[in-house]
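Labels run A, B and C following the written order; every chain starts at residue 1.
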Amino acid sequence: METMEMREIESAIEGILFASGEPVNVDRICVALEMDRPTVEQVLQKLMDYYAYERRGIRLLHIEDSWQLCSAPDYADVIRRAFEIRKPAKLSQPALEVLTIIAYYQPTTRAFVDQIRGVDSAYTMGLLQERKLIEECGRLQVPGRPHLYRTTKQFLRAFHLTSLEDLPEMPDLGGEGQMRLNENGEIIDPVEETEITGADTPETADFPTEA
Amino acid sequence: MENPVYKLEKVVRSRSEEMQDFEGPLDLILFLLGKNKMEIQDISISLICDQYITWLEQRQKMDLEVASEFVTMASHLVYIKTRMLLSIEDEEAQSEMDALIQSLEERRRNENYARIKALTVKLGPMGEFGRNIITRNPEPMERGKIYEYSQEKADLILAMAEIRNRAERTLPPPRTAFQEIAQYEPYPVESKAREIIRQLKEHGITRFRLLFRGNRSRSEVVATFLAVLELCRARVLHLAGSETDCTVRQDRELPDHLTLL
Amino acid sequence: METMEMREIESAIEGILFASGEPVNVDRICVALEMDRPTVEQVLQKLMDYYAYERRGIRLLHIEDSWQLCSAPDYADVIRRAFEIRKPAKLSQPALEVLTIIAYYQPTTRAFVDQIRGVDSAYTMGLLQERKLIEECGRLQVPGRPHLYRTTKQFLRAFHLTSLEDLPEMPDLGGEGQMRLNENGEIIDPVEETEITGADTPETADFPTEA
């Protein structure tokens, strides 16, 4: 009986997710099923694993507090062929750079992005906003009150992240002159690090120039 | 006194000129600035020197080349700072300092940019996921008819307080609001009462109107009038005659404690 | 090997059906998969049976030459409930005031609410009824027979109360000083507030904006 009920719950949740199309907040599912959040989240996780493990044509995404069904990337080509749609354009290197800076330093300003990149990023930021990968989120309380930017839920979905915490770790360039922040935003004392890691010369980052 | 000459070119080294451990003094300054959470503008030479020595001791190896580079740089910084302190107009020192700050900031920025570029190499392929998934539109359905409210219990008390506040604003102000104003006696009734008694003792029966002679303020007139009333009530004074011609005489002695209204 | 391929085809078709919100013509699927129609239809039929047999949250409908995924009717109630709910909203100040008066003096009339608030509360009370936070509960036996109102279970839930006894104690309200209606619908034990009946400006009834 227990498993039977569990499967029913799973199917009901599948129905809700399918009907919505859009991301569904977990609380909404809890209220509809009159169930507590841990249980609902457990079922969602189970459903997610099922789609992936059975290699079904749909997948379940977990984005912050929301869950959303999407088509399985494995069948992207076939699906596109069926509807004669093109693969969305790949992000250019400048777009990727701007997006990375905003992802890691958000909320942040265009001036900050410009400063790190050494070039004007206005156009690229406009494009990223159009693609709904970044969005404005208030203004900085300094003269001129510049806009602040952050990444969106669409960004998390596009990069298959559940939250910003899933972003890859900031690489350690091995340089001893480098300052690093811990999770409290404090600078990590690099002295201890140098003793462990030894004195490697920082690699000169040579990356392909922008296309 | 001969001015020592240091060229900035010697201090600001590019990355290609590799040194042991640090790629030149700028890396070292950046490291020490970071350690001290300092801004480049606020470089404290002595503090940095101390930490530099400590650092060298920790490494247990003296690299004379690095050490001398550092000393050169540190002394040059001291020199620039001294000149700037002695004369604000020293444009040469200012521009040298600016150049140093700029190169330090550039170094720091380059490091950040290199890190970002390294991250794009990781993030780029991750973005492939988004290019290969398709989400669907919602099924047609009615939405949003049930409202889920979430309120605090205290909201009820606050709401009632607001209703009451509003009610109070439209009411005539309560008596208590006037207490301070009404009870304020610039001219005490009690002292006026004693004054009237004294006056009657000295001059005998008088006219009511005459009691007000010499009253200098409205408050004194009020005090006089109230004092007469109070004294009548206490049967100390007796008023006789008509509205226009009223006489005042003292009937009894002033009691020890005259209670006023 | 055959079954493996079969499952892949099934998943690919599932992906195609999912990605399209509308019915998909079987020919479209044939073209995308480069497969003949009988085979594709066989897979579609198998998929359709699977959803129904396993009582999943989605169903496959077959309409002439087209096939369409939809949410399972078995879970229609739950699904509807999930989307009828709006995000937790906050009540406006007028709504809170009316609700407070009704909560503490229930059952009570609109005239009483108006009198205490000093403004016309008809619109706000209508909305509160619509949102099911208050409800009618009979009429007062006085000329005009005005409706009596009380709070609902939804009200208790909105304020995280288990019962009306849980209502926070209102300062200066308990016992003697409390306003009540007599059988004529007039206020008895009037406290100072009731002296002001100057209902001047009817409030501009703005209802809460959604979070």
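Following the convention adopted for this analysis, a contact is a pair of C-beta atoms (placed from the backbone, for glycine too) under 8 Å apart; a residue touches a chain by one contact, two chains touch by 3 or more.
Because the structure is predicted, anything quoted here is derived from the model rather than measured.
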item	value
Taking each chain's C-alpha mean as its centre, the one farthest from chain A	B
Chain centroid nearest the full-protein CA centroid	A
Between chain B and chain C, centroid-to-centroid distance (C-alpha), Å	45
Computed distance of Cα centres, chain B from chain A, in Å	39
Geometric centre distance via CA averages, chain C-chain A, whole Å	32
Sites on chain C at which at least two other chains make contact	18-21, 70-71, 79, 81, 83, 85, 87
Contacts with 2+ other chains: residues of chain B	134, 136-137, 139, 141, 148
For the chain A and chain B complex, residues of the former touching the latter	18-22, 31, 59, 61, 68-73, 76, 79, 87-88, 90-91, 93, 96-97, 99-101, 103-104, 115-118, 154, 157-161, 167-168, 170-171, 173, 175-179, 187, 189-191, 195, 199, 201-202, 204-205, 207
Footprint of chain A on chain B - complex, ascending	15, 18, 20-23, 26-31, 34-35, 37, 55, 58-59, 107, 109, 111-124, 126-139, 141, 148
Contacting residues of chain A [partner chain C, same complex]	7-8, 10-21, 24-25, 28-29, 31-33, 55-58, 69, 71-72, 74-75, 78-79, 81-83
Chain B to chain C touching residues, read off their complex	134, 136-137, 139, 141-160, 162-164, 166-167, 170-171
